[in-house]
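Two complexes, one shared chain (chain A), two partners (chain B, chain C).
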Partner chain A sequence: MRLRGLIRKEFLQVLRDPSSIAIAFVMPVVLLLLFGYGVSLDAKHVPLALVIDQPSADTASFTGAFQESQYFRPTMKATMRAAEQALLQGEVNGIVRLRADFSRRLHGDTSAPIQVIVNGVNANDARLIQGYVEGVWVNWLEDLARARGEELNIPIRLQQRVWFNSELRSRNYLVPGLIAVIMTLIGALLTAMVMAREWERGTMEALMVTPVAMREVLLGKLIPYFLLGMGGMLLSVIMAVWLFGVPLRGSLAVLFVAASLFLLVALGMGLLISIVAKNQFVAGQVAIIVTFLPAFILSGFIFDIGSMPQIVQLLTHLIAARYFVSILQTVFLAGNVWAVLVPNALALIAMAVIFLGLSRRRARKRLD
Partner chain B sequence: MWRQRILALAKKEFFTLLKDKKSRFVIIGPPIIQLLVFGYAATFDLSHLPFAVYNEDRGSPSRDLIAHFSGSPNFKAVATLNREAQVAPLINRRDALLVLHIGPQFTRNLLLGQPAQLQVIVDGRNSNTAVLALNYVRTIVNRFNQQWAESQGRTGPPARLEVRAWFNPNLLSRWFIVPGIVGLLTLVVTMLVTALSVAREREQGTFDQLLVTPLRPVDILIGKALPGFLIGVGEATVIIVVAVLWFEVPLLGNLLTLYVGVILFLLSAIGVGLMISSLSVTQQQGLLGAFLFLVPAIILSGFATPIANMPPLVQELTLINPMRYFMVILRGVFLEGVPLSLLVQQLWPLAAIAVVTLTLAGALFRRRMY
Partner chain C sequence: MTSDSVSPDTSPVVKSEGFGSKDVVLDINDVSKSFVTSHRRVQALESVNLRIGRGLVTGLIGPDGAGKTTLMRLVTGLLLADGGRISVLGVDVAREPLVVQAMVGYMPQRFGLYEDLTVQENLDLYADLQGVAPADRPARYRELMRMTGLAPFTTRLAGRLSGGMKQKLGLACTLVRSPALLLLDEPTVGVDPVSRRELWAIVYRLVQEQAMTVLLSTAYLEEAERCHEVALLYQGQVLGQDSPASFSAQLQGRTYAVTAPGLKKRALQETLSVRPGVVDAVIQGDRVRLVMDNTTPPATDALLPALPGAVLEPVPPRFEDSFIARLHAGEATRASAYSTDQHDPRAVASPTGNEPVIEVRHVQRRFGSFYAVRDVTFDVCRGEVFGLLGANGAGKSTTFRMLCGLLPSTSGSLRVAGVNLRRAAAHARARIGYMSQRFSLYGSLSALQNLEFFSSAYGLSGSQREARIAWALRQFELERMADVSSIDLPLGYKQRLALACALMHEPEILFLDEPTSGVDPLARREFWRRINLLAERGVTVLITTHFMEEAEYCDRLAIMAAGEILSLGTPAEIKRAARSPAIAEPTMEQAFIALIEAQQQTGMAS
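Entry: the complex of A and B
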């Protein structure tokens, strides 16, 4: 009964300052729209400069291969100087040059060099471009061999099969990851201020003289925001599947059990921040620091955790989003793989217990 | 006279920001810690990728090929399989990112000069990792092919690629990411200092008191902006020093050019922060506003994913994002040594954003008075 009263009060407060509703419902929609469309690692139509010192039929077939590729948008440059200038000014991301002796060496005994220069500032992009150039080159070699009526002599042929995401669409893994980042924000933002606000405005003292127990105060804070947060989650999943076409291969029930566990961790973290800081200003600052950037960089959402140094890998275990990202990517793309889901869910349960337990211990009916 | 007033206000702002241990730590500690952690964590260079081998071939060339993989720092062998059925669970559980499958005819085909198949099965759950891992595989296979062709006295392909990377010859993604982190943390710190500052005074009612003092809105603006600016410059300096000395990112360009960029960026970020702050009535709204700016500003800045990959509409949206310009300036000055004159294209939008947001913030101080 008392709990109902507290929950009602919290809901009224939510309705009075609509920023909580904005956090739960507007934020996921806006952020998912922006990022779902905006964040992509698939480079297409990369601007490339082609320099042909002495045009011939061979060079024409080679440049044709680049023009047909969907990965490149080649432009011809008359001299190497002009091409280098374009690279410096960021007009093109790479240069491919065929020297004057290309045709002669192609038909001779020595193999003809193809000079490739990529702008290495964005190392990831440079690697991808290098891979695409190699792809164009191998295809062209095969065509060349076929035209000569022989088989291209490559000792080992690579046959690649990509599971779970055969078209290698980066959106398929970025969107589930984004849901984790967005849920981290929602959870912490919703609760980071609520306890601090009561302390700062002195209403905490008013609550203390009432017969409600601290446990009830905390539950009264948690339940309304948990419901709001789950609403935001539902919205995100609907958008991921219907708008962005991410396949959902696992079951919806598993997804929502995992999401509620994660939300408990995120809300618990916000609550703890709020209780420890006791003033909204510091609580807000801490929320900015500990939520977004760690969830963005250390969760495996975009940077591979296995490639980080050992000590940083250990640190990522403290980030709840790490477990949720792993669950989301698996449930969306691979299905209900219990061997992945169970350990991650256990970790989330442990973190929820720790955060909520600490909140319970630190929040006492006492004036300091 | 007015200068004293502004100084007094700025001093008060500094005190509220740094008055107790908790507040001081929040502003100074985390950026340094995050720089160190993120500097190591944020990398697209893959190492120790777990792979498993399913080798049905008994010849030495297949063992030789596997040795090429085990010997590479990019790969780490985790399992040897002897049945096809073992492949799926291993990848599903994420114990191995890729499985190399060598068929029974491998050595025979290789010796006969027929194409020998190497099948690679990759976990595509993280497609960027998958693409990069396949690139590493291709590099190793190409090297093996070349050595094999030479050892057999066969001619190689009629044309070969000679690839060079400018500005970052070893393609270390750390060189790309760490200058970006300079921008990231500078932005976060300025938001910490400015986004809640007016909102707090409004919620507590002290902002109205400030408005009835002889201070003009411009003075309040300067007084509010000054601490954020000084803290921002200080933190940016520390982060740049750590980037150069600790992470050994080359700083080819001019420090003066870099600081022109830092200052203009800080002004525009402070403008945005103060604008959010003066628009909000409660601190919760201020915090929400800070996030609604911070998160898109970082994700759509080109920090991790290139702006060129975005759809045209989103690309145009990034034109109002100050981070976008600062990223280009940072990477240009650090890695390419771009002079000031070539950065005008990036600097004037920053200046324009700063002027607009600061003016709006100043105008909004008065609007919300009731």
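Entry: the complex of A and C
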């Protein structure tokens, strides 16, 4: 009866207070839209300046290859000066120049050099552009050779096959990772804030002097926000699959179990924070600093853990979101790969036990 | 309070030593508790012994910081005592907190209500938590709603209730299951006197109908007389536990009312308070109430030489007199250390006059559709002490902020020192000193640094600034505390420092927003003496308070409720207007209640 009363109270408060609804349902939508559409790590339609010193049939087919490519949006510049100017002003991210002797050297025996200048400020983009220019160039050479009826003379041929995310869409791995970050926020921020609110408004003091046990108070927070968090999770999965077209290759059941485990960890962190921080402002700050930011940076959701320094890599093992990101990316893109899922799930179980256990031990019906 | 409908006279008369062990509901035995803050250890309670008898209302009386809330929390098991033992009906709180929590009902200071739940939902929650069987609920709810008068509001959100209604709902929630011991932590603070009276009526009904035992803490000394028993708590120690009558009886023959024609009441009080043998001298209406240190009747001409018309009339002692006397016995040096300052550089040619310094005409302040202040009109003359009296939410602070130019009025005109606040608020502010409710000191700065900051903020510099700072340190006896961070200062010192800061630029007008709330009665008296001195020198003082007895210290006052002025005049005029066949000599509180009731009746009629 006591637990039922607490849970009913919590739901009434959620319904009356739009802020927790906003955290659980509006925030996933906003974040997913923002990251799904706004953040893309692919280089597409990169503006590029083409400088052709002396146009010919060869240069026309070369520029045609760039125009057809979905990765580039080439503009012709008459002189190198104009192209450099465009690069400096940020109108283009790179320059491809064919010298006046391009056609002559191409048909002669000497090599025909192409000058490529890339804006290297954004190293990631620069590397992509460089690669893509080379790709276009090789494709063009192949087409040229095929047209002449001869095999292109390259000693080693690379046959690439991309697994799991064959289109190499960054969205396909960003969105599952993002779900982990969103769930961290919902779980930790929501519980930390609502517990802190009870302290702040003095209701916790009144609650504690009833025969209610601390276990019931904690469960009374866990159960409603678990349900709310799973609702947010469901919404995120629906958006991921139907709106962003992310494939879901694993089973929903596995997804559900993994999400439940992770949500318990996040709720446990939230409870633990609220035991230390007894006002909403501090609780919110602490929740963001110790849960959201590490989940964002160290979970491998955007930044590859493998390329971090050794010591930082060790640190990532303390971040619950890391295990969940790994599970989510596997379930969405690869399927039920037990060899990945089981160790990560075990890590989540261990963390849930630690955080919930600590909350239970630290939460006493006392003010000092 | 004697003629009030609420009084403990119908209760069982039990002397504190008289009851046997099975009549003791709460036994507090040699309990101590200290807290460690950032740099120091604060002894909140020291060897406290209390025994609370069955079916009694015991008042835990003491100023803020006396340890009242700490004691309540120890009894409920929310805190653990450093030493000693507390038991409720024989159950040790430290050992079995859950058993004790099932026996007590506790209303914390902020009532513990969920403001985003309705009245009914709050009741349901506490009924669930207290394990009230669903079958018993309808009858219990009906009774509680009848008792508190909340029946028409069950679907209203608790956050939308008035302060008095919140307090009653908080009480109803703690009573969903009838507790053996009811603990109320300052239930009446900041609540209007009508609601306070209703709360006391409920408490007494509970005691009579259900033989409930009640422990109630309060900082209002006049409420002590409504309890069967009183425990005085001061600086963590119990100064005594007895019936209020026996506290007062100790001062039998030592209390007088003095009238002296030809001498203004403030001057009379000032003169009397420094005479040998005088423990306390406070203004009460047109007279000065005097407490002497022994029962020998003082000679009028020894007390007031050169005042032939002075009359000394013995009056019955009040509880407050005995409290003050006890505190004085504890720290005899404190009041005498106070020195009047003869060398104040400030000299006003005509200290008092009839020219209005503050003119308020038909002022309104609206927030959305809610009128915080509605059609308020009053004048304050030079050298006058003008009081605004009202409960929380009556519109006092809003009026204040408008007068200081911090908040524009929605309509009406405000003139301070001849300056229209609509046009030249900044100009007027240079002539105003303002002390806000929370003292607005910089906690991490020392007392001296606060003075330095405020003096430069008011545009003082060079030798003038140094002179003012030296004056403030001397005048307010802050030299000893000059290097202490203001957050670590005792409350009374904080209050003095805040007043000093407001006076750095020698303002002609002083605004004081609840300057005395939470401060102990001795510090309050001292504070008022300083205010009176300032008024004598021609400083105009506007002060808000919710202490009824402080209203007596004002020259004139306005009683406010729900944004309107209900009555305006001298304390004597206001009390006279409230005379009725039932109450021949109403107290300020009774006058206030009569005014609010009259307003509620006209409100219902219209």
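The rule is simple: the second predicted complex is superposed on the first by the 368 of 368 C-alpha atoms of A that agree within 3 Å, B and C clash if a C-alpha of one lies under 4 Å from a C-alpha of the other, contacts with A are read in each partner's own complex, and residues count from 1 in each chain.
The rule is simple: a residue touches a chain if its C-beta (ideal position, glycine included) is under 8 Å from a C-beta of that chain, and two chains touch if they have at least 3 such contacts.
Quick caveat, the model's predicted, so the values are computed rather than measured.
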(request) Please determine whether it is chain B or chain C that touches the greater number of chain A residues. (result) B
(request) Give one of first, second, both or neither to describe whether A:Val312 is in contact with chain B, with chain C, with both, or with none. (result) first
(request) Look at A:Asn172 in the shared chain and tell me whether it touches chain B only, chain C only, both, or neither; answer first, second, both or neither. (result) first
(request) Would you check which partner chain A:Val212 touches, where first means chain B only, second means chain C only, and both and neither mean what they say? (result) second
(request) Could you say whether A:Val353 touches chain B, chain C, both of them, or neither, answering first, second, both or neither? (result) neither
(request) With the two complexes superposed on chain A, say which partner A:Leu6 touches: chain B (first), chain C (second), both, or neither. (result) second
(request) Applying the touch criterion given at the start, work out whether A:Asp17 contacts chain B, chain C, both or neither, answering first, second, both or neither. (result) both
(message) In the overlaid three-chain picture, which partner chain does A:Ala100 touch, first (chain B) or second (chain C), both, or neither?
(response) neither
(request) Mind sorting out which residues of chain A both chain B and chain C touch, each in its own complex? (result) 17
(request) In the complex, go through chain A and note every residue touching chain B. (result) 17, 19-20, 22-23, 27, 30-31, 34-35, 37-44, 46, 87-89, 102, 106-107, 109, 111-128, 130-131, 133-134, 137, 141, 144, 151-166, 168-170, 172-173, 181, 185, 189, 192-193, 197, 277, 280-282, 284-290, 292-294, 296-298, 300, 302-304, 306-309, 311-312, 315-316, 326, 329-330, 333-334, 337, 339-340
(message) Give the list of chain A residues in touch with chain C in this complex.
(response) 1-2, 4-6, 8-9, 12-13, 16-17, 201-203, 205-213, 365-368
(request) Mind listing the chain C positions that touch chain A in their complex? (result) 35, 73, 76-80, 97-98, 101-102, 104, 106-117, 121, 124-131, 157, 170, 173-174
(message) Can you tell me which positions in chain B touch chain A when the two form their complex?
(response) 22-23, 26-27, 30, 34, 37-38, 40-50, 65, 89, 91-94, 97, 110, 113, 115-132, 134-135, 137-138, 141-142, 144-145, 148-149, 154-169, 171-173, 175-176, 184, 188, 191-192, 195-196, 200, 203, 280, 282-288, 290-292, 294-296, 298-300, 304-306, 308-311, 313-314, 317, 331, 335-336, 342
